[in-house]
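Could you have a look at this structure, given as structure tokens, before my questions?
Chain IDs A, B, C and D follow the sequence of writing; residue 1 opens each chain.
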Amino acid sequence: MYQQEVKIRVRYAETDQMGYVYYGNYAMYYEVARVEAFRTLGFPYKRLEEMGVGMPVISMNIKYHQPARYDDHLTVKVTIPDKPRARIKFLYEVTNEAGKLINTGETELVFMKMDTGRPTRMPEVMEKLLEPHFA
Amino acid sequence: MYQQEVKIRVRYAETDQMGYVYYGNYAMYYEVARVEAFRTLGFPYKRLEEMGVGMPVISMNIKYHQPARYDDHLTVKVTIPDKPRARIKFLYEVTNEAGKLINTGETELVFMKMDTGRPTRMPEVMEKLLEPHFA
Amino acid sequence: MYQQEVKIRVRYAETDQMGYVYYGNYAMYYEVARVEAFRTLGFPYKRLEEMGVGMPVISMNIKYHQPARYDDHLTVKVTIPDKPRARIKFLYEVTNEAGKLINTGETELVFMKMDTGRPTRMPEVMEKLLEPHFA
Amino acid sequence: MYQQEVKIRVRYAETDQMGYVYYGNYAMYYEVARVEAFRTLGFPYKRLEEMGVGMPVISMNIKYHQPARYDDHLTVKVTIPDKPRARIKFLYEVTNEAGKLINTGETELVFMKMDTGRPTRMPEVMEKLLEPHFA
């Protein structure tokens, strides 16, 4: 298992007229969280694309418990529960400063050669960095 | 069953550097589709909020099949499969001009009194408009 | 002078907790308007990028008069006031159904070779389509 | 003069298919910068709205020099050049890690009673916090 916590401050642009964070914006918070998890691991996602490999999302599930609101300082806990192979799964748990659960989510991504759009293996360098966490 | 088709043109702002529609933007396309479905039914969502009732989303699931791209003229087919009660479920199917399946999704929403944030029933006027489709 | 009117329906995602269209979203409405203006002219912007030419924005000015609101069916009147050369200027005027002025804006764009990032001339085919409007 | 520097990491969602930060997203970066400037001053913008006062934007001007790109760690330097009265002006300067100028911008905002939509004075508590910087 690999796990990180990332802090995100809700922007005004991200609220809607109900006074909530718009329900579609959590996909972006999840993206920020998994990118920062990769950075902490020692392999920024940007470098992956520079190697010609992208990671498109193939599924996303979200359960909304409470709305987040403007200026909330959210914590996104991101977890890679299983050793990734062709696919890599991420779990997310968003909470606010009061510790209230905002939502939980899950995404699956694949590794893809960006020039051909064909699936590919996870780069070895990334595999080596992840390995110790799934021993 | 109640079903509508809505056309959406992909904006430049909605693409990402992979050249795809950013995966989080489909939540917005789904919103547009269900809003237009309500309008066609004869009850604009806006009027619902004017009556003090909002419809927050409580869950969303998406399966991504193919990326949509800049300037694609997408069709979002939105379906209310079951007679709504406390919750209302929407199914979505996004295809491009070539008829290729882009993604499928599902959202569940509830009816909520906007002043208290408490659950409420579907307004009777909306129930009456939906009823004939679930006979 | 070349002029077009484009209709845009305000999405829930585009509002903020003040109940207004977020001030940054008009840049996107302007984009939609100039893209549709090019399409009507007979030269979709997409084709320009397929020819290897992009049109980055180099300046934008907006004066906000009234807020637009959720579900407003806006009219964006877009004008190319002068015969474009190295730069192309667009003026925008956004009004709501009641004819109230929402905002006015102006953007300047340049033509750029997408592989090198260097400035380039407007493609001849586009020049030919614009010419009759600036006789 | 009152001045602050705020760091913003470019999200994947904020790029477009040109590989640039979409030109409309800088309005959001400017918002983040002025909100953090207020927080540092000791008066979070959120508290202002809790007092019933909002700050709608009445004009924005941007000059784009260089594109920002995915994962760039931008610095937004925000300046209040003059003692605010009915209006408050903010200047912005966005640079990347290499110190390259990305863009410069300017916004003007007013103070507005949120219940009536009418202009109002800057709250005294905010005036007191700003005063020492314009002696």
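Assume a residue touches a chain if its C-beta (ideal position, glycine included) is under 8 Å from a C-beta of that chain, and two chains touch if they have at least 3 such contacts.
Remember, predicted model here, so these are calculated numbers, not experimental data.
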C-D or A-C - the one linked by more C-beta pairs in contact: C-D
Chain located farthest away, centre of chain B as origin (C-alpha): D
Chain A and chain C, separation of their C-alpha mean positions in angstrom: 33
Geometric centre distance via CA averages, chain D-chain A, whole Å: 28
Whole-Å gap between the CA centroids of chain C and chain D: 24
Touching two or more other chains - residues of chain A: 12-13, 18, 22, 24, 27-28, 31, 70
Of all residues in chain D, those that touch chain C in their complex: 17-18, 20, 22-28, 31, 54, 56-64, 67, 114
Touching residues (chain side chain C, partner chain B) in the complex: 9, 11-13, 27-28, 31-32, 35, 44-46, 49, 70-71
Chain A partner contacts - residues on chain C that touch it in the complex: 12-13, 15-19, 22, 24, 70
